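Read from first to last, the chains carry the letters A, B, C and D; within each, the first residue is number 1.
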Amino acid sequence: MLGSSLKHPAMADFLFAAAGLVLAMVAAGLARILWGPGDADRIMAAQLLGTGGIAALLLLGEATNVPAALDVALTLVLLAAFISVAFVKGATRSEADGA
Amino acid sequence: MTEATLYGLCSAALVGVGLFGLIMHPQPLRKILAFNLIGGGVFLLFGAVARRGAAAGLGGDPVPQALVITGLVVAFAATALAVALLLRLFQETGRATLGSDG
Amino acid sequence: MAFDIGLALLVLGVGAWTVAARDTFAAVVGFVAYGLLLALLWVRLAAPDVALTEAALGSGLTGGLLVSASTRLRRAETRAVDERQPASLRLAAAVLCTLVSAGVAAIVLLLPEPAPTLAPQAMVNMAATGLGNPVTAVLMAYRAIDTLLETVVLLLALVGIWSLAPDRVWGGVPGPRHQAEPDGLLTFIAQLLVPVGILVGIHIFWVGSVAPGGEFQGATILAAMWILAMMAGLVDAPAVNRRWLRLMLVAGPAVFLTIGLTGFAVAGSFLAYPEPHAKLLILMIEIPVTLSIAATLALLVAGPPERAPGR
Amino acid sequence: MSAALNGLTILAVCAGAFFFLAGTVGLLRFPDTLSRLHALTKADNLGLGLVVLGLLFQAEGLLAALKLISVWLLALLAGATVTQLIAHTARPSGPQA
């Protein structure tokens, strides 16, 4: 976890700053879109936060030398798709319930 | 201020925010959400304590970290049970509230 | 530090939004975002094992469960909206919550210095377990009793959910039957994601002995993939009275308990492992436990039986 | 050698961050939901791809590189198909369809 690295310290700083920047961008977008009128907008907002969050996570993991961040990113990608499918299935089921 | 203190304070605020939601929302699903929010805050407190205990080449004390993992699993089990109860209530009565009216 | 302050504020903001949102579904989406940010935060707190658990279970599986519940409850929820509480009650609640927050904050600020830690002991004794990941060593060796009881708690929750089934579908199949469309998009995505997800799940379980990961994280991913396959109609949920299913559910805790009891005979106390074989025994526990947890988690999400068992 | 790789990393990560920035600006400026989401999805997936590319130059070992690439591919594929699925469910029941 805290293994030695040959990475240049300036490189770690750069990646760290990039992680912060990407996260800030995504947060700005999130605030706008969570207000969106429909459910579909919102679930896509979460999906998009996912993309940016994963990018930030990968950068952070590389900057602070946590290789397991890759596994966390893989997990997030898989589970984000799972949540979206649960939404689609739940929405169609809700219509069936109402019919 | 260290990052452990910062995240510890963040966890304190999260517990308060979650508790407010738990008290104020009439809908059970919102209460379940708030309960999970509080859970996140409490686990984060453990995380801050673990981070403070960084020693022996580790970034944090593994014992509280393992406790958080156990806690997350139990919180999930409780959430799943609560959601199942709520959905059954909805199936039986067509309502998803606990109000005594109607 | 600027990054940490920003991340902490972001987590707080999303958390507050989850409470404040008027629409329940919007709040649930906020909660999913909250979980994702917490996973980032756990990486910052040097707890990658917890980050994995949060990503898989705290945000992922819980998120999926709440998303489908809130879409199903949609109409009931909108009907129930606006039972506004009186202002005096809101104020009282706000004061109470501020006090609780202040109390927790005081605890954080007054934590003893230097911080007590079990990290050195965990590292010193790790060689005896044959493991390379201290968190797994805590879960499977030092505090194995917690983990054993936890697997039992999961089973109890499942029994609770199953007992909600109406009489006519007792012991039946959870959830609706999802029809697969051979050329459908959902079938495609499931056929793609499920095998990859199973590989990732096994990988994360397997590296858990030496690196961040372990049985809970791996099992959660496997569970999510099973439910994904069910939702896409690739497989049907099993009737909960199937013998193989019941066996699969109890196999993990049963093996765990058996090896724990054997500890009395071979190493002097409950859940003690004889030193040269510790790693082998831990692995013998972990494999069935992972399968049992995966099945239990998936069935917890699937909910109570809704269709008669048939055949 | 390592300096050149570092340079490539900086270049790709900067380009990636730029796309995330562009996505957010598009989000704030486009008029309607659909075009906002359209722009944002494209920009974010490209941003993630460039970040992954940049980190590939730093990857230690084949497994790490493989994981990085799979993260991107999965995000791309899952994102695209899931967006389609959501669009299908959103259309008939959408309030202002």
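Couple of notes before you dig in:
Here, a residue touches a chain if its C-beta (ideal position, glycine included) is under 8 Å from a C-beta of that chain, and two chains touch if they have at least 3 such contacts.
Being a predicted model, the structure only gives us computed values, none of them experimental.
Most remote from chain C, judged by the distance between CA-atom centroids, is D. When the C-beta pairs in contact are tallied for B-C and for A-C, the bigger tally goes to B-C.
Centres computed as Cα averages put chain B at a distance of 30 Å from chain D. Centroids built from CA atoms put chain D at 10 Å from chain A. The distance from the centre of chain A to the centre of chain C, each centre being the mean of the chain's C-alpha atoms, comes to 19 Å. Across the assembly, chain D contributes residues 70, 74, 78, 82, 85, 88 that each touch 2 or more other chains.
Each of residues 1-2, 39, 43, 50, 67, 71, 74, 78, 80-81, 85, 87-88, 91 in chain A touches at least two other chains. Residue positions 57-59 of chain B are each in touch with at least two other chains. On the chain C side of its complex with chain A, the touching residues are 2-3, 6-7, 10, 14, 17, 21, 25-26, 29-30, 32-33, 36-37, 39-40, 43-44, 46, 48-49, 51-52, 55-56, 59-61, 63-65, 67-72, 74-75, 176, 178, 186, 189-190, 193, 196-197, 200, 203-204, 207, 211-213, 217, 221, 224-225, 227-228, 231-232. The part of chain A that touches chain D in the complex is made up of residues 6-8, 11, 14-15, 18, 21-22, 25-26, 28-29, 32-33, 36-41, 43-44, 47-48, 50-52, 54-55, 58-59, 62, 67, 70-71, 73-74, 77-78, 80-81, 84-85, 87-88, 91-92, 95. For chain C in complex with chain D, the residues that touch the partner chain are 185-186, 188-189, 192-193, 196. Within the complex formed with chain B, the chain C residues making contact are 1, 4-5, 8, 11-12, 15-16, 18-19, 24, 27-28, 31, 34-35, 38, 41-42, 44-47, 49-50, 53-54, 57-58, 61-62, 65-66, 69-70, 72-73, 76-77, 79-80, 83, 85, 89-90, 93-94, 96-98, 100-105, 107-109, 111, 115-120, 122-124, 134-135, 137-139, 142-143, 146-147, 150, 153-154, 156-157, 160-161, 164, 214, 216, 297, 300-301, 303-304.
Across the complex, chain C is touched by residues 1-2, 16, 19-20, 23-24, 27, 30, 34, 39, 42-43, 45-46, 49-50, 53, 56-57, 60-61, 64, 66-69, 71-72, 74-76, 78-83, 85-91, 93-94, 96-98 of chain A.
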